[in-house]
Structures are given as structure tokens and as C-alpha cells.
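Chain IDs A, B, C, D and E follow the sequence of writing; residue 1 opens each chain.
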């Protein structure tokens, strides 16, 4: 087993690895911004001289694996924070954790690392990937929908999302459509929806696909059919969809208007600094910085005692903008989930707004497969 | 047995009948010339004989064997070579390499992956020989794209020679070759006489009448006359359709 | 109207022309002769700016067009029938004629009268012509630009004797109409019949020039330089 | 069922027209001028971004559209003069490399200027409604407008290329620039004009699809391959081919996605059919292209290879 | 239209060829001393990056074999890279960890796929060939995307590197590096011999003028197909090495972007020289690495370099070197 890298000269080194180029760069930038916001505010994270190295994974797993090794082996960072995408997480997980370095995922939360492959050096400040979809399934169930149309892009996350939805939804599935990744035009799918007239649509359409779908949904005159979604209507896509998205529903572990002091401070200072409303990507990275801060403080800057450090991390002793936050056995969060709706704020910016709490202190479905105590 | 035996060849492009029931033979060692107006179908005929185009109907036999269905490379392997009316060479190769490739085609398998070919004396010597015969010996090392038009014509000939043909189809080998060069060219072809048979297409009547054993006249896809050069030259139809006064001058000469 | 002085040209590092002097006056027919590879085509390319000359000048009606873009040379009144035809393969026969046409005496109708075969094939694509038909098309195409000086580089290559004769009589007609002609051709005898002057080049240099009378008077010119 | 089929057919045709609109400029430049311009997607993206910017500045769709056109001319000319002009005589691979470089530069530049978040272009009011079709099915007016625009562009281009002197000169110039020039045509200027026209078409396509599609840095890249597929299926250089290619690609994609699974279920059991359907669906377009090129190696209407 | 097959390049003359081999040998010597230098500089991590670069260099060289010498621009070559990586993942999940067996598996699958798709693709030329190879590459890509057992598009982490005759020497980064370098050198030697052989001359001849080659008696199809298959197999070897380097496989290795990057590497280095492809891969990947460290806006600079390269040095890095005289063959 490799020896954990020593914290020389009392410098805390953190590597951020996010997608900062290509079409999905907006997500990575939000996350980076969120982390840097917290870091700037704290100055010295955990009371230590802090050095932050930001690298771009270009959304390429092979490159990301090298980047991660570079952070761990060459830069000898103490923490790696990131990434956005699950396939990047799969690529960097082993190179980082096998050296004893702590990996904190601020977005991707795949099921294998929540279940059988859970790892003491791996923490997640976001969610388990299925959970937001389960929120919507539960909401559909609660509304008594009997006939829901499901649609997701044809790739691993898309397939997982529909499975997640069906996990908490017991009604009838009116239709299940897998679209192409990167699809531009949804008129054919929308026609099917119009023909089936389901009780609701559930969809997972991240990024540009979601923007296209949302715009075309209204144009096709389907607004009477409830639009339930995850990662589709959020602060990264709302600037593009604007009014077209108003009233559409999503599931999330947080919304910018959650009523608590930590959130108030986070959202105002973020908008002040970056001129747009933060999304969950920013919030979760912000929490990662807070998490590191709290843990390093707890161990008094002694990063050589890894067990102590891990224990300190596990305590999650910080004020998250989302309110309650703690880690489950698998180091994935146990947190509340909300139904959110797209709204136009008083200042003219578009954001999501928490409408209803769906799950309270919700534990993911894989935690019991994790053999950590 | 005729070297090359063509029977009732027919070919149309849409409504245009370009080859209309053409039958002809080329005997061993013979030079059989085909003349005829522009657009009569001479090149199209060569294209069918060489396997570049598929005839609509008819038979082509080489040394008695039916080759109508064979591909171009297979026909070359059996000894039927052609030169192109419009120069067709490998522009980036040297003159020598152009010819050496043709030698290679007839000597052993080319699915040899590791032995260097550049120093293969057997290929280079044979190629050099063909080049010298075509009068290009001193240009062997030049990149083929840098040759002048007339030199390109000679390279065409050298490549065809290097395939060691039984029957050589020559489509206007003299086009663009002038003056003494042309005379030398004709002399060269005459030297090959007997070594292999030739089907010669040419608009240069001096060359045709100097070389050919037999001449066929192709007009609108049909052969309207076949005979010795003298017979053809004095044929009134041929004069009207093709030779014009040039024929008269020659007949007079 | 065309005046070339001291023209030098090269392809990369291999020098081909070493000072060519030549002029064609309005209405005059001049031939450019020489054996294969002596630089005739290179001279033509240099005149048309398709190859930038290393030295020397090319003037048309006094205007210096040395190394100018080809279209400027053409617009100054020169028309080209290039070596090797260079028909546009993706255009039909008629489009080949019309694409670069400029108004003047030569019209589609007159070209079709000159070469009836082209009229028969006017819907064929350029590549679907026989070699000789392509040659007719190249000549027709040049005439359709209504030049005052036509440059023909091996324009009768591959033409049947009858057609060749037609071309010669056509050139004579052109000459009668006052057109200037610069012609390269291996049929020296046919040319001496109606050309005014002759220029012989060898290895990129002018080795002899003179009138038709001069040639007829000194038969050994042909022997010496052309070996015919 | 028949209703749905008809409607999906209509959807396919309409998606095809959007594709054609994007592919039209590419055919023009690629097919006629023989330049493989990977930066075509960039121009399409530029059109959308210009549209978003002008729409935000003027608050009007129409003013924005009007301003995009001169903007496109500037972008197109600039690109032609600085880079593309030097690529006409070069091999396709050189063109690929240079325009690939342009794509990288442009995507990054767009990110620097406009940021990474997608932008929005509002729909013009008069086009924002839907017209009822059959039963509960409705059809957005804006899409009808796009269909009309696409057909107009298709017709105009077809006439330009096949029935005008400019078209002839372009086709001639693509195969032998030197000869066209030697016959007295300023081919450099002509090509510049045509490249700019292609650029304007691409920008126009980007501008008018902006209200229905996401305006983001990835938009150019995601359509690029698809437009190349369209052009190749139709046969390089054929406007008619590009049009039919676009519609074919879209219809196969649309109908395949909807009816493919149904067909598969009739031969396989449900889960196998689902699995097979999901595996095959994204390949459909490529299977179509491979099949067409197998049967006709130069595309549906391509005479040249 | 003139298709891509009209590579306007002269066939390498013998002296230029010898010079290229010399440059390649210098490159290999530099690669050989890199690890000790990296260790001395206190940056052993460099070796891991260099391993990736070498693997891509093998793939680029393989592509040059058909692209530069056969004028077959394959836009689906990343598929073979992918077959190589998945051969490692799939075979090791069945307990077959031996590097050579995995390579054998990769080569067999790649040869079969290349034989079938190549035979179909070779009906077309030029840009059509580019697009039909893309189509087959995409089909392979989407197949692995839907292969849920190996993570679909999320990919699949390898639990360990391949073994050589049962020994796990490759776990050592240095060993992996030298093994990769060994493959690069051996494959370069093989490609170099192929290019200069009878077969290679026929292949180049077909690039220059297909009709002429048929007319002297060479049926182009079988020569081109053979070259296509050879190239595919070599590329898949690069994939096997790449999977060991990344210890991770994913369909991302076989997306069309990767195919495009391989083409960029080859053209960037100068096509039809083999050495150029290796140099192109090295320089392109290093540039990406350095520029990336310099600024997050690195694509701007990288793109600019590509454009300038094409505008001012028509034959890539090779052309640049030739121009500065470093590469010029002495008479």
C-alpha cells in the first residue's frame, strides 16, 4: 500500500478536476466557481496555507485518468475534488483512492461506488445518481398519476434515470423512449406524447438537449401535460430556456431559495461574484470546500493521520446551504429532496424554487451493499 | 490461331451505339491499325479490349481463350497491355519506378512485405531496358511529373513494354510527339514488330501507313473497310469519311 | 500586340527558359516551333501568368502584364487552347462553351457550325467525349471568349486528318478576319502555308526566327532545329 | 396508427428541412469549390450567437435577423481572405487540418465572448402559435415557417448552381482553377463570393433555428457530422442530393426510432427487442449511409468520386 | 472532383527515406533516455504521460500506413483502438491477463472487423471513403456504448494491468513504458519495411494513379484491403497498451473525435513518412499538455498553431524540418 503523501511545509493542496472545455463547460465552471467562492471566503482552508490546482478533464475519461494521476503523483495533492460526469469519475476513482488520497465527488455519484465498490477514501457531497429521479417517481406516485411517459437519452445515465424513476413509481408506463445522445429535434417524440396524452411526462435531458426539449415542448402546445424532470430544468439551462421553462418541475436536493442562513449567504455572495444564479453544481462544490475546511480544522492541520482525517470528514461538521447534511455508511449524503419549479425571480433572473419536500433524510438504495461500517 | 480475336462486339452509351457489331483479329506479330474519325469509337473499343469497359455483347478471345469476363489486371497477366491516349502515369514516382512497377506486375507475387524493392536489380534492369527501348534511358531518375508532354508519351510506351505483352493496344501513341521524335518513335515500333502483336490507333497517317500490316476503318462504331494500307488508302469511302485531301496527297505520293 | 522580351522561367529549381524574345502583331500568325521538351508550353504558361516568370517582360498592347493573374492576361485579349485539352469534366459540352464566354463575333451558333460534332454531343459531360471531340471543344471554348490573339498549344493533336484540315482552314479564316494567332504544332508543313513568321526554340532559347519566305529559302532550318 | 405514421413522416420531412438548411452551405462549398470545411459548423454556431446577441440588443427577432446577414458576410469574408483562400489548391487533408484548427479557435473564442451557458432567442410573436392538425396533435407555426424558408433556399440554390453562369464557373473552377482563370475569369473573387454565400447560409440556418434549439458552444460540432452524412448520402456537389439526403436521414431516424422497436418486438421478446432497439437506434443513420454508399459508391446523385 | 486520394506528394526518394529513418532513430533514442531523465528531474510521473503518447504514436503511424501511403483516409480508426482496450477489459474479466494473449484477441477481432468493413468501404473513394469508415467506426462505438456489462459509456476500470507470462511486471510504470517503446520501435521497423517492399510500392502506386495500376496488372482492391487490415491490427495493439496505461477502458477511446485526432496527428506530422506520424503524435499531445498547463483557453492557441502550420508548412512538421534543412537529404 502506498504511503499517503505527506503534507509538506504545512501547505494544504487541493486538486479540482472539472470539465471546463467543450459543450458541457458551463457545469464545470459552476462547480469550480462554487468551490473557489468558499475557498476565497475562508482564505486559509482549515487554517492552512492552501494551494488549489484546477485541471480540465475535457470530458475525456482517458485524459482525466492521467490528470488525476498527475495531481496525485506529481503534485501530491491531499484532496481531489470533482468531477461532473460519471464516466470521468469511473476513470479517476482508482488512480486517486488507491494512493490514499481523498476523492470528493461534487456531482457524479454512481451506484457501484455507493454499493459494493464503496471506498473509505471516497466522499460524495452531491447524491447518488438515482435519487433525483426517485424524487420525481415518488412525486408522480403522490399525485396519483396512472400513466406516465418516460424519455431519456440512450446512454448509461439515461437508462439509470428511468430505472430510478420506476423505483418509486408503481403506475403504468405510457411509453418509454430512448432518444439519441445530443438529439436536436424532439418533434417525433413530442408527437408521440401528444398522441398518448399521458398524465405526465418524466424526462432526463441534461444540457443542450434539455434546452431544445423545453423550448419545443411549449411550442408543440403540450404545456397542459405536467413536465417532470431531473437535471433538465436547472440554473445552467434556465438562462437559455427562460420563459419556456416556467412552471416545469424537477427533483433536487436543494434550491436557491431554501430558507436558511447558510443558503442565503451562499446564493447572495455567488450572484454578487459571478452574476448568475448558482445551481446544484456550484452548491455541492461549495460544500466540498466547507467539508475539507471542517475536517482539516478538526485534525488540526495534521494530514498524515489519515484515519483521523477520514473520521473528521465523515462527521460533516459544517453548515450546508441545503440544511441537514450527513454522510451515510457509504460516504454518500443522507439528505432531503425537494420538488422544484422553474420561476422568474424578482430581479429578473431565472432559477428553480423549492415547492415541496418529497424525501426527508433520504438514504440511497445501495448503501446496504457497502461493506464499510 | 489469331492472337486476338474479337467477335461481334457491341457497346452503347444510352441511345448512342459506340461499338456496333465489331469483329476483327490481330495475328501473331502483326500490326493492325485502326483509323477513323474523331468520336468513331476507337478508344471505347480499346477500353473494352483491355477490360476497362464491359461490352454489351460479343466475345473477346486471346490466344483462343475467352477473356470477355476477365478484369483488367487479369488480362494484363495474360499478356494484353495497353497505353493510354491521355497520359496516365504515376506522377510522384520516378520514371524508373514507373516502369519497374510494370515489371513487378509480371514477375512474382507482390504480396511480399519485407524485402526492400528499391534495390531489386531484377526489376530495375528490366525497367531500364524498357526505358532505353522507349528512348527515355537518360531520364530514369527524374520524377515523372516533371517530364514534358512528349516525354510522357514515351513513358507510356515504356510502361506498356515492361509488362512484356503478347498483344499491345496502342491508343494514339504519337499524339504530341513531333518531328524527328516521331520518326524515331515509328522506327522503334517497327523494331518491335514480330516480337508481339499490336493494335494501333493513330491519326498520324505517316505512321499508320509506315507501320501497319492491315488497316481497319471505324466510322460511327462500325468497321467500314479492312485491308492493306494501299487498299484502304485508295478506298473512296475512306477518303470521304476520314482521310480527306491528306489521303489524296499520300496516294499520289 | 503581344510582346515578350527576355523571358526566363523555371519549375522550382530546374530552369527551363533562358531569355525568350518573341512578338505577335495584330492580325499576324506566328508559330512557335521546337522539339519535345524544349520549352514551348512553358513559354505559353509564362505568357499567361500560369507560371510566374523569373525575369523578362510580357506586354499586351503595351501594358505590362508580366506575372499578372491569368484572368488579367485573358481579359487583355488573349485566348488559350491549352496543351492536353483541359476540358471541364463536370460541365456539359454546351456549358463548357458558355461558362467563360464573352460577347463578340464568336457565338454558340458559329462554334456549332464549325464543329457540328459538338452540337450533336452538347448534353454530354466533358469527359464523355472522344479525345478529338475534346480538342474541338477546347478550341471552341477559347474562341467563345472572343480573343484578339488566340494561342493554340498542340491544338490538332489527336484530330483526324479531315478535321485537322478543317482547323487549318478555320485558322486561315480567323487570320482573314484580322485575328492574331500564336500556334504551336508539329505539322510544320501545314503551318508554313499560312503563317507569317516562325520562331524556333531549343533548350529554352530562341535559336532561329524569320518569315515564311526565310524558311522556304533556307530549307536546312527545319533539318537543323526540327529534324523533319 | 396510420395517423401517427403520417404525422411522423411529416416530422421527419420537417427535421430533414432543418438539416438541409444547415447542409446547404456545406454542399455549396464542399461540393462545388471542393473545400472540406469543418468550420461550417462554426459558421452555423456563429449565426446563432449573433442572432442571440442582436436579439438581446434590439429586442426584436426581425431586426436581429436583418443584422445577422451583414454580420455573416463579414465573418465569411474574413475567414475566406485570411485562411480558406490559401487552401483551395491544397489537399483535402490540409483543409481538414486547417479548418479543424479553426473550429478549436472559434469554439474557444465564443466561450470567451459569450461564456459557457447556453443562450436564448425568443420566438417572434406572429410565429409563436400552433395550428391544430389531427386530433390532439398540433403543429408549431414557426416550424412551418422554417419549412418554407428551407424550400426557398433549396430552390434558389438549385437554380444558382445548375442554371446560371456562376454555377457553371464554380463547377469548372472546382476541377481546374488555372484553366478558368486563363479563360478570363477572376476565379479568386468568384470563390470568395461563393464562400461568403455559403457562410451566410450557415449563419442564416443558425439564426433561424436559434428559437427552437439550444444556442451553445457544442451546437456546431453536433450537427457537423450529420451534415456531412447528408451531403455524402446525396452525392457531393448535388443540391438535389443534399435535399433528399437530409429528408431521408431525418425520416429514417424519426420512423426508425418510433417504429423500429415495434418491428423488433414482433421478432424478438420484449427485453431483447428493447436492448436491440437501443443498440441499433443511434446507428441507424450510419447504417443508412453505409448501405447507400455500398449500393452507390458516390451517393445518390454524385457523379464523381 | 479530386478526391483525398490525390495526395500531391512525391513518393519518398531513397535519400529522404534514409534521413527519415535517422530522425526516427534519434526520436527513439530520446524516448529511451526519458525515464532516467525524468527520475533525475524528480518527475517520474512524466513517464506515464509519455507512455500514453507512445501508444498514440503507434496508432498514428499505423494510420499513416494507409493514409499516407495508400490514400485511404480512415475516419473510423479509433474503433480499432477501442477493440484493443476492450480486449484487455473483457479478456481480463474472464481471467485472461496475459498481454500477448490479449493482443492476439485484439488483433483477431480487429482483423475480422477490418476485413469486412474494409471490403465494403473500398467500394468507395475519397470523401465517401472517409464517411463510410466513419459510419463503421460509429457503429462499433455505439455497440460498446450499449454494452452495459462493461459499464456502457461510463466505462470500466481495470483491476490490474496485463501480465507477461504470468508476471505482473507491467504494474511498474517504467516497465510498461519500455514495453510500449519496444512495440513502437518494432512496429516502426515493420512498417518501414512494408513501405519499402514490393507490396508497399504497389500500395503507393495505387495512391498515385489507380487506373494505371490496373492497366499494368495490379488489382487494387486486394492490396488496399490487406494494408487496411494490417493498419487496423497495429492500431489495436496501441489500444491494448493504452488500456494498460489508463487502467481504464471506455467507448470514449473510440469516438469519432479520437479518429479525427489520429488524422490530425498524422497530417500535422506530415503524411506518408511514418516518422512524421510519430512526431505528429508526440508534438500534438505535448502541445496539448503544455498549452493546457499554460491557460484554460489552450484550444485557441492549439487551433492557431494548426492553422498556421497548414498555411506556412504544407507538409506538416516534416515539411518544416525539411525547410530548415535539418532533414534535407544530402545528395
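Just so we're on the same page, a residue touches a chain if its C-beta (ideal position, glycine included) is under 8 Å from a C-beta of that chain, and two chains touch if they have at least 3 such contacts.
Everything quoted here is computed from the prediction, not taken from an experiment.
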For subunit B and subunit D, chains touching each:
C, E
Contacts shared by subunit B with subunit C include exactly none
Farthest CA centroid from subunit E: chain C
Winner on C-beta contact pairs when A-E is weighed against A-D:
A-D
Could you tell me the distance, in whole angstrom, between the mean C-alpha positions of subunit A and subunit C?
75
Distance between the CA centroids of subunit D and subunit E (whole Å) is 31
Calculate how many whole Å lie between the centre of subunit C and the centre of subunit E, each centre taken as the average of the chain's C-alpha atoms.
50
Multi-partner residues of subunit C (each touching 2 or more other chains)
90
At least two other chains touched by the same residue of subunit A: list those residues.
21, 154, 159
Listing for subunit E: what residues touch at least two other chains?
1, 8, 145-146, 299
For this entry, which pairs of chains touch?
A-D, A-E, B-C, B-E, C-D, D-E
What residues on subunit C touch subunit B, complex-wise?
11, 14, 35-37, 41, 83-84, 117, 121, 128-133, 135-136, 154, 157-165, 186, 188, 226-228
Show me the residue ranges of subunit D that touch subunit E in the complex, using the header's touch definition.
30-31, 34, 36, 83, 86-87, 90-94, 96-98, 100-109, 111-112, 174-175, 225, 228-229, 232, 236-237, 275, 278-279, 282-283, 286-287, 289-290, 293-294, 297-299, 302, 304-305
Going by the contact rule at the top, pick out the subunit B residues touching subunit C in the complex.
13, 35-44, 85-87, 146-151, 172, 175-183, 203, 205, 241-247
Considering the complex alone, what residue numbers of subunit D touch subunit A?
3-4, 7-8, 11-12, 14-15, 18, 107-108, 111, 115-120, 122-123, 128, 130, 135-138, 140, 142-143, 211-219, 221-223, 253-254, 257-258, 277-278, 281-282
Okay, in this complex, where on subunit C does subunit D touch?
48, 50, 69-71, 73-75, 79-80, 82, 86, 88-91, 95-96, 98-100, 102, 125, 141-142, 145
